[in-house]
Amino acid sequence: MAEPITQCDVDFRVRYSEVDQMGVVHHSRYWVYFEMGRTELLRRQGTAYADLEREGVLLAVVNCSARFRAAAGYDELLTLTTRIGEVRRASITHEYEVRRKADGVLICTGRTTLACIDRDRRVIPLPPAIRHGP
Amino acid sequence: MAEPITQCDVDFRVRYSEVDQMGVVHHSRYWVYFEMGRTELLRRQGTAYADLEREGVLLAVVNCSARFRAAAGYDELLTLTTRIGEVRRASITHEYEVRRKADGVLICTGRTTLACIDRDRRVIPLPPAIRHGP
Amino acid sequence: MAEPITQCDVDFRVRYSEVDQMGVVHHSRYWVYFEMGRTELLRRQGTAYADLEREGVLLAVVNCSARFRAAAGYDELLTLTTRIGEVRRASITHEYEVRRKADGVLICTGRTTLACIDRDRRVIPLPPAIRHGP
Amino acid sequence: MAEPITQCDVDFRVRYSEVDQMGVVHHSRYWVYFEMGRTELLRRQGTAYADLEREGVLLAVVNCSARFRAAAGYDELLTLTTRIGEVRRASITHEYEVRRKADGVLICTGRTTLACIDRDRRVIPLPPAIRHGP
C-alpha cells in the first residue's frame, strides 16, 4: 500500500505585479501562493479542488497566520512546501514554507485552517479523500 | 422628468499594494478602478449590480483598452469619471478618465465594452434600467 | 493636551474583483484592507506613510494573523477598525476588526506586527511620531 | 547565426484568487499573465528584465487593449503566446494570445505598448538587446 501523500513542493517565479514599491513581494500575495500549494497537494492526492467545489464541498479559510523572515524580489524562483498539519472532522490545517530556490533561504512560514462547508456555508464533514488521502 | 444620469465621479486613494516597484500604480489595477466606477454609476441610476447578478443578469467585459499618460503613486487621491458611451441591444460601452484630484492632471483614459449574458454565458438583452436609465 | 489617537474607523465597499467564486471576499484581500486602515490611522496622527518611505523609514510586516468569522460579499459596505496594540522600540502591532456596516456583524479580526527598517532592510527605531503619536 | 527569438509560449494554471464570482478569470488578471509572458520572452532572448530595471531601464505600459472571446476557469491549464509586434526607437509592442491547453480554444487576445523610460520617467532609447534580440 502506498504511503499517503502529505506534502508537496511547488516551484514558481515571482510576478512583477506581486512586488510592492519596497521591491519585495507584498505580504498579501503569500496567501495566493499557499492556495496554489494546497491545490497541488490535493491534485497529487488524486483530488481536483475544482471538482470538489462543483459537488458543493467548499473549503473556507477560517484562521491563518504567517511569519516573514526574508524578502523575495521580482522574478526570483521560489519553492513552496505545503504540508498537512492537523486533520479534524470538518477542518484541515496546512503548514507552508517558502524558500528561495537558489540558496534555500527561508522567506516565510505560514499556516491556514480551512473549514469544510456546503454552499449555504454550513459546516459539513471533510470528504474521505481529503481526510485519509488516496 | 429628470435628466438621465450618464456619468459619475468617484474619488479614491491609491492603496499601497496597488503600486509596483517603479513606485506607480500597476496598469492592471485601473480595470479594478473602472469596475468600481461602473458600479457607482449604476447605483446612481438606481440599480445595484449585485442585484442584477442575483437575478441572473451578468455583464462580462468583452473588449477593453486604456492609455496611460502619467503615473499615480501610493496614497494619491484620484478622481475617476465614468461615462456611458454606446448602448446597444446586448452590450454597453463605458469610457473612463482618471485624474489626480490635487491638480487635475490626466493619469489615464480607458474604455470597456460589456456584453449582457445569462448564467450559461448566452447573450441576452440589456435590462431596460441599464438601457434607458432611471 | 489632546488625547493621543490610537484607533480609527474606515468605511469602504467591497470591489467586484475582491470576491472569489464562492461569492465572498477572498481572505488575501483583508491584508490590503488592514494596510488601508494603518495608512488612515497614521494620517489622523499627522503622518503620511508615503512621506516616511521617502525619508527612508519603511514598515515591513513580519508577523500576521487573522480569523474569519463571517463572509462579506460584493458591494457590501464594511467598517474597518484599526487599533494600535503593542509599541516597541523598532516594531508596532496593530489590531483590526472588520464589521458589516448595515448590522454590525463581525466579519474578521486580524493582527499585524511591523518592523521598522531602512532601505537596506536593517532594523531601525520607530520614528517618534509613530511611537508617541502627535 | 541564430534566428532572433520573437515569440514564446508559457503554460500556467489559473489560481483560485484570479477567478471572480462569475467563476471565470477576472479580466484584470490577463495583464498580469501578459507581463509574465514578456518576462519569459525577454529571458529567452538572454535578458532579465529585473537586471534592466536595476540598471535604470524601465519599460512602462503606455497603451493596452484586449478582447475576451471565451472564459477560463479555476485550475485550467492555459497557454500564453507572446509575440513581438512593432519595435520603435523608444517603444515596443507585444501581442498576446491565451488558449486553453486542453483543446486550443482561444480565450483572449491582447496587445501592449511599452515605452522605455529612465528612473525620472524620461523617454530613453530601447537597449539594443531588446531592439535586435540576442
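Each chain gets a letter, A, B, C and D, in the order it is written, and its residues are counted from 1.
Methods note: contacts are C-beta pairs under 8 Å (C-beta built on N, C-alpha and C of every residue); 3 or more make two chains touch, one makes a residue touch a chain.
Nothing here was measured: the structure is a model prediction, and the numbers come from that model.
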Farthest chain relative to subunit B (centres taken as mean CA coordinates): A
Interface with more contacting C-beta pairs, comparing A-B to B-D: B-D
Averaged-CA centre spacing for the pair subunit D and subunit A, given as whole angstrom: 27
Distance from subunit D to subunit B - Cα centre to Cα centre, in angstrom: 24
Centre-to-centre distance between subunit B and subunit A (centres being mean Cα positions), rounded to whole Å: 33
Set of subunit A residues in contact with two or more other chains: 16-17, 21-22, 28, 31-32, 35, 53, 74
Subunit C-facing residues of subunit B, complex: 13, 15-17, 31-32, 35-36, 39, 48-50, 53, 73-75
Touching residues (chain side subunit D, partner subunit C) in the complex: 16-17, 19-23, 26, 28, 74
Residue ranges of subunit B in contact with subunit D within the complex: 21-22, 24, 27-29, 31-32, 35, 53, 58, 60-69, 71, 121
